[in-house]
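As written, the chains take the letters A, B, C and D, and residue 1 is the first residue of each chain.
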Amino acid sequence: MLIVLQHDATQAQIDQVCDAITELGFEPRTMPGGQRTAIGVVGNEGPIDAGRFHGLPGVLRAIPVTVPYKLVSLEWKPARTVITLDNGTRIGGEALTIMGGPCSVENEVQLMTTAEKVLEAGGTVLRGGAFKPRTSPYAFHGLGEEGLHLLVKARERFGLAIITEAMDVEGARLVAQHADIVQIGARNMQNYPLLREVGRLGRPVMLKRGMSATVKEWLLAAEYILSEGNTQVILCERGIRSFDSSTRNVMDLGAIAHVRTLSHLPVLADPSHATGRRELVTPMARAAVAAGADGIIVETHPNPAHALSDGQQALLPEQFAEMVKQVQTIGTSIGRSIQALRGAA
Amino acid sequence: MLIVLQHDATQAQIDQVCDAITELGFEPRTMPGGQRTAIGVVGNEGPIDAGRFHGLPGVLRAIPVTVPYKLVSLEWKPARTVITLDNGTRIGGEALTIMGGPCSVENEVQLMTTAEKVLEAGGTVLRGGAFKPRTSPYAFHGLGEEGLHLLVKARERFGLAIITEAMDVEGARLVAQHADIVQIGARNMQNYPLLREVGRLGRPVMLKRGMSATVKEWLLAAEYILSEGNTQVILCERGIRSFDSSTRNVMDLGAIAHVRTLSHLPVLADPSHATGRRELVTPMARAAVAAGADGIIVETHPNPAHALSDGQQALLPEQFAEMVKQVQTIGTSIGRSIQALRGAA
Amino acid sequence: MLIVLQHDATQAQIDQVCDAITELGFEPRTMPGGQRTAIGVVGNEGPIDAGRFHGLPGVLRAIPVTVPYKLVSLEWKPARTVITLDNGTRIGGEALTIMGGPCSVENEVQLMTTAEKVLEAGGTVLRGGAFKPRTSPYAFHGLGEEGLHLLVKARERFGLAIITEAMDVEGARLVAQHADIVQIGARNMQNYPLLREVGRLGRPVMLKRGMSATVKEWLLAAEYILSEGNTQVILCERGIRSFDSSTRNVMDLGAIAHVRTLSHLPVLADPSHATGRRELVTPMARAAVAAGADGIIVETHPNPAHALSDGQQALLPEQFAEMVKQVQTIGTSIGRSIQALRGAA
Amino acid sequence: MLIVLQHDATQAQIDQVCDAITELGFEPRTMPGGQRTAIGVVGNEGPIDAGRFHGLPGVLRAIPVTVPYKLVSLEWKPARTVITLDNGTRIGGEALTIMGGPCSVENEVQLMTTAEKVLEAGGTVLRGGAFKPRTSPYAFHGLGEEGLHLLVKARERFGLAIITEAMDVEGARLVAQHADIVQIGARNMQNYPLLREVGRLGRPVMLKRGMSATVKEWLLAAEYILSEGNTQVILCERGIRSFDSSTRNVMDLGAIAHVRTLSHLPVLADPSHATGRRELVTPMARAAVAAGADGIIVETHPNPAHALSDGQQALLPEQFAEMVKQVQTIGTSIGRSIQALRGAA
């Protein structure tokens, strides 16, 4: 913590700030400057609340120095985390992970058709929403537990691992019983009871970045999960909110590159939600891998025009296969392979 | 829904879009223009998913026409909602509502001292966090149920109504048993299981706007609560996220004025979280009332420099009292009074 | 400047940073902490470029301490600036300033009709665009010099001061010859040759905040003008860009309250451009004054439905008069009057 | 234009809107719906101002249908534009363009050293600021005309084409006399007199996207240049403003992919300004090419720690060379080459 004083701060005000620091059990270190004085706080183990100093007379600003997260940081754990699923999929290693599937699980035929195409294209993880968070209460909200059972059936038939979203504590327990990865959606990135619960459940978790979450907040949300003992966390960039509505969101690939310099956790990219437009999904999947993503999660549907949700961003199965090929080519060019169960890769 | 075609769309493509509309049970109405053709969809009762048309050949855009919310809208219920609490506080009527209290309930002395000052200043509702959502897992998270009991004690002693936040379904049930108003925080504005639960609990709910929620999404979140049968919803603007970190958030008073043209629900303003800076709270409280807010909720603490959370934005009790006076003066100038239990107003 | 090192920085790296500081002519002050070391830079007169240190080995962050503006700051000039125009209008004093007029000057009848109504309502400054920056090259771009002459004619007839926008150096010279205030629009807030030019012309300048300018950037843009010797600068908040398109912009009244704690320059508010919706102009004009604005600039047009630009946000003359009354009532309630030439105030 | 009425609009109000449409010379087409009526406007050649209808009684919204730009659009000119410079560089074709150089031209040694390294690495265009827009009036503003002459000298010695920024009309004329490409910076994207001037000068123009410009506004700014007769326009994405300050800006690669579906103009990417952090430049350069950019413009400096501006984002010459190699590998993987004068490519 560095406390910057107003340029006309009196000696009495400086002393008062030093006393406040001493009172907290730390040591003040005065730095007189040409224009103003600043006071460093020395001896603290963790972060200090800047608010303690904002209101004191003569204080202009209090600037935090310590990074507020720890377990997720590359500074504290330099070895990158690799997560291995039951079907052999490794997330965060040299190989790229391909996840695909429909936005919502709609029925058995739709899911099995899609799963087969995902497998053939080179995917190893099947996505599909059973519990769907929807902006409107009147939209389709998923099949619920029945959707979960269909996902399990698809896993049994095709050997794909499965990932699906949980929206509350109860749902998280149910999902963790059945799915290989529990997904926390963007709207729930700061749902702390839910984060703590998935931290205790022990299943791998994919944590999507909130619509307007800073990188720091995203990492702190992951820290919630790790602080409960679960280190198997996958980050996922899915686009952030901006002033331009010409695409659904702005895909922040710089955040992917940046997170890789800050954290040891794997980072995936979701170009479907990030762009919201089918024709942009493939170029942005390529770009995400080029920026350093450890894999992609992409929506595909056998008949997008009849999808019950987000049809405009789902790839046709043949487009999905073509996208995986292009991603593989990009991956190869930067020394990363695709580890498929069978199929294209 | 209006479907706009590319300027070189063929007649076959136009026909295909018309067929898709007919297939959904609606009627297409073709509008040939100088540059391009557009097709209107007629006969739908509710909103149609634009995604159904985005992928069709020749289609440039699909523009929704129907507003997606209903129960919250002024168009469908022109009489403004007024909510009456057990202690006589009316929210949404001619009188302005003043809510005040600490960010977190810390201990009995702190809470009782604050409650007395809030009452004396002209407040009728006591705020205080028992369950605190914090960005970092290592920050103070509130006293939990003990905090709730202290709030009840303060109500018994001073006659103030009490409001406190719930973060999950279980917590919401507990809060609804004890508090007069259940608060849903900004981070949970799209926590749908929680919204549905407070929709069923029957207690008045204060729904804070999400950090990057559009007005439409905010109203749709309220619609979740109303659609479960609970019409006692208070909206609360608490600042939105912007590119400028010089204040904690940007207080969107235009949204307050705008929401009043769209919805019959009362709207409060929270200048403490919106600005994050003590010296801006009073001017922004005045401004919120001038813009049309039905009241304010403001943090006050007997000793902000020692507050366990958000001390830098809490007013001292005497600053709180002065702020209420100024708000009252502004209110009077536009025909609104303050309905106090006792004290300044 | 505070330079924060990585927690595993070596002594050699620490020494290298200290050498770099010494080389720049300043003094390093080392602050060893529990987790990491930070190094303060002492002895600099003005700001130092943080980039000098970002790339050095072992450096995590470089945090600037010195505020980068000077002449505009309240810290350096504690007396608030008051600007007096030829017709006696004082901007920045106790009295509120009311500016009104059409978006564009369209013809003599339109302008004279509007000017008379502005005067009657209590305004002292007539606004009207002669040179219009428009997003599309195909929109109406103003009457140019002819518009300027019509404004001068209106001043002669009604005694109102006049303000109009300049978009380039040549135009600024022309506008400064005729108008009482030269307006710099939001799109040109960082047009530095233009800022320098109006800094040399000596006329009062109204500097609108850029669409996505931080408060710091806005004040630095004003610093450009003051650094050329012109201290007669009026700031104007006109809404910033956000993720929500339900209003044209988000009016950042917190920035008005905040700027008043940072700078001695007067601050006006433009609720017409900030909201873009006629029905929101009056509530936001009231709110701006309640937040501490020194006045307002509002669009009014005798026949908005036929305006050549921005008709949807212009008030009818009778709405303008009613708005001034409400603003006056709010002003009175916080100790500010309206100084009219004649009319309502 | 589609005009949506309130659900309780009267027949008289509907008739009034139809009359307003007829009065403008167009034809109204009424679309009665289940909930409300909408009225289409038929017969217009270009866009209509929505403001004309917003204020009419019974009107809820007016929705524009026509895209407001024309000359820049792929819809109207399906063949992609390729720009050829005097040294043979082709921009917008199959080959990727590599531009590199320092942020500011500082002196002859610095520029010549850098130019040689850019050439060797595979670049064909040398960038370097002679006139620098800086947020603070007290920062280094470039060498001016002397910088321009040094650039010309570098072109003569190495055969590289040169690009440099112009900030006003006078400067644009000077730059156009000497440079191969006139750059319009982000701050000037809506400086319309400047856009018109470079539209008349006939030199290739690189138009950077404004910090908070939508894709539509960016294309409209380009339309200004094309509407003056200059079709040699290169778009350049350089990062947009967001709520997260962990990187300087957010690089919007989705906009690059999106623009390619809307416009025939070449699009470059500037990962230096987009990220502001040296360690992110190379991954984002790779990603930009993977997303479909026609080339990159990257800052490099022989001694970034002593650069007079933006040192923290400049690559060392050897990092620049390595980046070009990686970009080339990515380019090859998607069928694009690098057309070098000599060197790595």
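Rule of thumb we're sticking to: a contact is a pair of C-beta atoms (placed from the backbone, for glycine too) under 8 Å apart; a residue touches a chain by one contact, two chains touch by 3 or more.
Worth saying up front: this structure is predicted, and the values here are computed from it rather than measured.
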Contact-richer chain pair (by C-beta pairs counted) among A-C and A-B:
A-B
Taking CA centroids for every chain, report which one is farthest away from subunit B.
D
Centre to centre, by mean C-alpha position, how many angstrom separate subunit A and subunit B?
27
Approximate Å spacing (C-alpha centroids) for the pair subunit A, subunit C
38
Which residues does subunit B have that touch at least 2 chains other than itself?
212, 241-243, 245, 277
Once bound in the complex, which stretches of subunit B touch subunit C?
212, 214-216, 239-240, 242-247, 250-255, 257-258, 261, 274-275, 277, 279-280, 283-284, 286-292, 326, 329-330, 332-334
Applying the document's contact rule, which stretches of subunit A touch subunit B when the two form their complex?
20, 46-47, 49-52, 54-56, 68-69, 133-138, 167-171, 187-188, 190-194, 211-212, 217, 220, 223-224, 227, 241, 277-278, 304-307, 309-313
Taking the complex as given, what residues does subunit C use to touch subunit A?
2, 4, 6-8, 29, 31-36, 38, 40, 42-45, 60, 63, 65-66, 75-76, 212, 241-243, 245
